[in-house]
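Some structures to go through are shown next.
Here come two complexes built around chain A, the first alongside chain B, the second alongside chain C.
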Partner chain A sequence: MAEIQINSLSKSFGKSKVIKDISLSIQSRSFTVIVGPSGCGKSTLLRMIAGLEKIDTGEIKIAGKSVNDLPPKDREIAMVFQSYALYPHMTVFNNMAFGLKLEKKSKSEIENRVKEAARILQIENLLDRKPKQLSGGQRQRVAIGRAITRNPKVFLFDEPLSNLDAALRVATRIEIANLHDSMPDATMVYVTHDQVEAMTLANQIVVLSEGQIEQIGSPLELYEEPDNLFVAKFIGSPAMNIIPIEILTTGINPVGKINEKIKITLETKFSSSDKGREFHLGFRPENLMLAKTDKNSFTADVSLVESLGEYALVYANIKGSSSDYNIIAKLLGTPKISKGDQVSFQIQKSKMHLFDEEGRRYINGKKQV
Partner chain B sequence: MKIKINFSSILSQLLLLFFVILWITPTFGLFISSFRDKDQLAISGWWTSLVTTEVNEIHRTKGKKDQVEDEGFYIIKGNLFKKDEGKKVLSYGVTSKNINAYKVGEVAILKDKSEITVFENGNYQLKSKSEFKKKKGRRIFITATSPPSFTLDNYKEVLFKEGLGQAFLNTIAVALPATLIPLIICSFFSYSLTWMNFFGRDLLLATIIASLVVPLQMSLIPILTIYNDLGALFNVEAKSFPGVWMAHTGFGLASTTFLLWNFMKSLPNEMLEAAKVDGASHYDTFVRIVIPLSIPAFASIFILQFLWVWNDLLVGLVFLDKHPSEIILTAKLKELLGSRGENWEILTTGAFISMTVPLFIFFSLQRFFIRGLVAGSVKG
Partner chain C sequence: MSFFSLISTILVGVLFFIIYFGLSNFILDFICRFKKNSIALENSVRAIIFIFPAFLVLFIFILYPVFETVRLSFYDKFGREFLGWNNYLWAINDPNFRRSILNNLGWLLIVPTLSTFFGLVIANLTDRIWWGTIAKSIIFMPMAISFVGAGVIWKFIYDYRGTDDHQIGLLNAIVVSLGMEPQAWLTISIWNNLFLMAIMIWIQTGLALVIFSAALRGIPNETLEAARIDGASEFRIFWSIIIPFLERTILVIWTIITILVLRVFDIIYAMTNGEWQTEVLANLMYDWMFRGGGDSGRGSVLACCIMIGVIPILFWNLYRHRQEQKYEN
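== the complex of A and B ==
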């Protein structure tokens, strides 16, 4: 039982504000992933939870208890670092036993706990080796094992997979997911900038940008209802297509204009004052399809086709009023389209996202807050 | 295919070879010389002692009191060489004008009708019908081959009679603590400079780096004055081993701290944070992680500081008395240079003795220089 409560947390390094008034609650037993572009403050936030970075203002509570002034060891957390951070002069066993030895646990208990962790991670045969005799994946497992042996309430992971190659990354990702299942009492907080990791591992994703939370939600929520342009562009690969659109008519079937030729009927309810405003229309590549009717379709010039068998990525150009917009369509199968073609697309019903001038999601005449 | 000749690599190899020869030749010469007979040392270079050489020597036979009478002849027998050095006589003479007048074994007839024979092993026989009258023996000039011959006599002499042995022990008594004390202090200090946050840390570091450029000669006299005052105050000797330890510690503090700080700074930050999360206090981290990983740095700093102290003359002269129980090797050698300057056997041997420890230290700690102890801790 260890929920984490973060209340208006701030942190600056010198003059640069790295964490800007963040509030966040992480439920007990959840798997929370913090994502965001490089330098947005993910590691800093995690290190503040761990107690490795001082808190400027605000409060962090773990299991209801303020930990602002507690050293890392008293916070009942364990952390897995990006660089593994193993002790190079100790064997794998001693690496994993280090924390327990410092706690002055009995020899037999240390042995049991290390063996148990080694069994879970399948590194029992490596216990006598030194870190330099291990592969990257094995080292990462030892690092995770070191966290497990201490039996913490909260696991903190800082990009644990980013030094592994693609195949190993997938395998270890699955192991971490299994680990969460096998330790149902533990709360896990996981930092990454890889959105596939975020989507696959998390119950809850926190999207961070420049020290601020952009959105908190389940993976599907973020995917289907991004709160703002930042999240819309950040989640999903290839990224969501965004093109400016000017509202021509409001009312029952509102119409927006992309350029003189292309007019699209929108699904959002607008207020009459929205007429003439510039919005951002977003649609995911997989929500584009080849137009079967003329209604609500638009044409684009294909500039590149990447055929991957299972699906094809079609890169195309829409002539806008002032500039061209590049869009990507993800079409299933192997469509007969090639470079230079003019293709007519349609956006799937109810898969349009609308964002206002400030980049916030716009639904039914209201700004999302 | 063209064979590419890398001139810069050849040049650097040649340069290396040059320096190796430059260093080895005098060292080796010193080494050989220290084992040579002192008389030979005075007259020929060390390289001649490695092969059989021809030497010209002057010897004197025994005088009249050793003659024996035998069947009407007076005979003096003996050996020209004082000890068995494996020398072989090739030829001999009886006047300085013609030192090769006779082959070995030939009989030389002298003006007074006496006969003399010299044999290969140095045995000689003087034979005369009349009694030998002279108290002193005859001079005999010989040309002999001399095989390489080495002796430990110089070492015995220098170590035990000249007092270099005691000086050697004194130097160890100075150098070991004067190396270990700063190493211990600085390891704590560098750790705190690197991994602990406290007020004025950066200023302290800057001061240390700045003090690297202060020449120690500047502070010798002020410190000695303080020592004298303290000594007078507590009624103890101003010049003592603890005094010299402290002096060396002080002088070594800045550079040792700087080197260690430089090393510890390079330890991966995340590893120490992992230790912190694991519940290690600063002391635990220091003892269980930083020290074991710093052994290569300790070794190289140990070597540097030890050699510096071992070869130091100035600090030892200023802070230690010259009586035998305190004098250090370098000071003793300097003293010998003055008093026994013409006795090469003493100087070469002394010099070589003073070199043995640095050589030993260097070669035995060499392996600790090998890097890569940190490999495996972080990615890569």
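== the complex of A and C ==
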């Protein structure tokens, strides 16, 4: 059992504040992915949990115990680095055994634990080699193996797949998911900038931006109910379409205006004071369909079609009142659309997201807290 | 030489080489115009044209003197009469020569080891403090001083005046202030060798320090952090991670200083001139070669001894270099 409790944590490097008053609770046995664009402070947060960065203010507790003043080795953690960080002059076996040797474990126990980890990761035949003689994927497995042998309470992963090529990344991602299943007692914290890794691995995602938490939730929660514009744009690929909309009427079947010609009926309940307000309308590319009726549809000029067989990505322009808006539609199969066409789209019912002027999700006349 | 004649000498030299390279290449091009299908031959001839001047200089100033020294070591003091192995037999039986060999061995063991050790430790420690750069600059500074200059500085440290006089030497000043008898440091046999070695270590630690500092930057931070998470103490990280990482650098520095130490001359010459059993091969060679009328035979024998000492280190270096290349391919 090793839940991680982070209470109002802050950190600055010189004048720049990297972590701004973050509070977060990571459940024992969970797989938590911290995701965000580069420079958002996610690696710093992980390194603070590991004890590699000092804490300015706030507190980190692992398994109920404050670790603020504990050195890394006493925190019962193991970390897998982006660059693998293997010891180049040691064989794979010694790389994995180094931590155990320092703990003064018996020779037979070291051998058993290393062999067991090697078996799980299928690197038994590599134990005598040096890191130089291994491929990138094999090196990352050794790095994971080094973490496993120490049998820690918490696993920390710092972008472990970034240095691998695309195919290997998918394969290793699946292995890490399996690893979590085979070690149900371990708490795993995983940092990445890749939202696909976050969506596939996590049971809890923490979206970080500029040192602050934007949203915490399960992958599908984030996907279907993003709290704000940042999460809406960050999760999902291609990103959610966002266009401004002005509310014309409130009450039953409220109507919003994108431009003089395009008016869309919304499902949100507005208060009467919302009339005339500007909102952001969000809808995912796969929730756009070719319009079957005129009702609630709008036309757009197609600027590019990427046909991938399984689906096609249609890039189109909507003429707005002040400027043009680019939208992307993801249409299944191979629609007969080409560049320059005028196409009529409809947004799938109940798949519209509304955000207020400040970018926060807007539901039923209330701001999301 | 006046300024004008200096300029004209340089101009003549440059002109000569322009003519040499231009003409020889032109002739080669001209010949090759009639001989088709000889690109390989043309390339190798052109290579020889470009290498030849450098090789000539190398031959005149390095290879020829080596052979001439070996030849002279078998001749008498004027280089006229052939003596066979007599000069070498003389050396083996000469007490000064034996002393020099012993002293040189001492220098070889102690100076490179301690310089490398101090350089490594200081490089590692100065990386952790804010005034590390200042400390490094100060430690590196002796590198800019010539050995003779260093000798003069250290003469003040080891200086000895009679017991009734004021002690101006730093070491004796300290000793006297502690209430002990002042010593004539450089005359205390065996120990005085160590005092001389200290000067060389003082100078060479700076070299080791600078190279190690650069090499330390090459160790990825994440590797050190991984070791820290694995539970390694700072000393253990230094011993088990950093030193193996720097293995090549350590060997390079150790070799550089070893070769330098084998030829150690200036410090001995400036400080003791080989008196009080501090003689080393290079100083002994200088003595025989140029003092008291000079004996080119015995001087050459000593020169050969120094050369023979360097050869194994050179071969070992070449061997390592080749191994590394093999590994990289």
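Heads up, the rule we're going with is that the second predicted complex is superposed on the first by the 369 of 369 C-alpha atoms of A that agree within 3 Å, B and C clash if a C-alpha of one lies under 4 Å from a C-alpha of the other, contacts with A are read in each partner's own complex, and residues count from 1 in each chain.
Assume contacts are C-beta pairs under 8 Å (C-beta built on N, C-alpha and C of every residue); 3 or more make two chains touch, one makes a residue touch a chain.
Predicted model, so just to flag it, every value in this text is computed and none were measured.
The superposed arrangement places chain B and chain C in clashing positions on chain A.
When the two complexes are overlaid on their common chain A, residue A:Ala78 makes contact with chain B and with chain C alike. Within the superposed three-chain model, A:Pro88 lies in touch with chain B and with chain C [touch as defined at top]. With both structures placed on the common chain, the touch criterion links A:Asp324 to neither chain B nor chain C.
Once the two complexes are overlaid on the shared chain, A:Phe98 sits against chain B and chain C alike. Once the two complexes are laid over each other on the shared chain, residue contacts for A:Glu124 go to neither chain B nor chain C.
Judged by the touch definition given at the top, the superposed model places A:Glu109 against neither chain B nor chain C. In the superposition on chain A, A:Leu134 makes contact with chain B only, while chain C stays out of contact range. Superposing the two complexes on chain A places one of the chain B stretches 58-66, 76-84 or 364-372 into chain C: stretch 364-372. Touched by chain B in one complex and by chain C in the other are residues 50-52, 71-73, 77-79, 81-83, 85-89, 98-99, 102-103, 146, 150 of chain A. Per the touch definition, chain C reaches chain A in the complex via residues 220, 222-223, 225-232, 236, 240-241, 244-245, 247.
Only residues 47, 50-52, 71-73, 77-79, 81-89, 98-99, 102-103, 130-134, 136, 139, 143, 146, 150, 163 of chain A touch chain B when the two sit together in their complex.
Considering their complex, residues 50-52, 71-73, 77-79, 81-83, 85-90, 98-99, 102-103, 146, 150 of chain A touch chain C.
For chain B in complex with chain A, the residues that touch the partner chain are 268, 270-271, 273-280, 284, 288-289, 292-293, 372-379.
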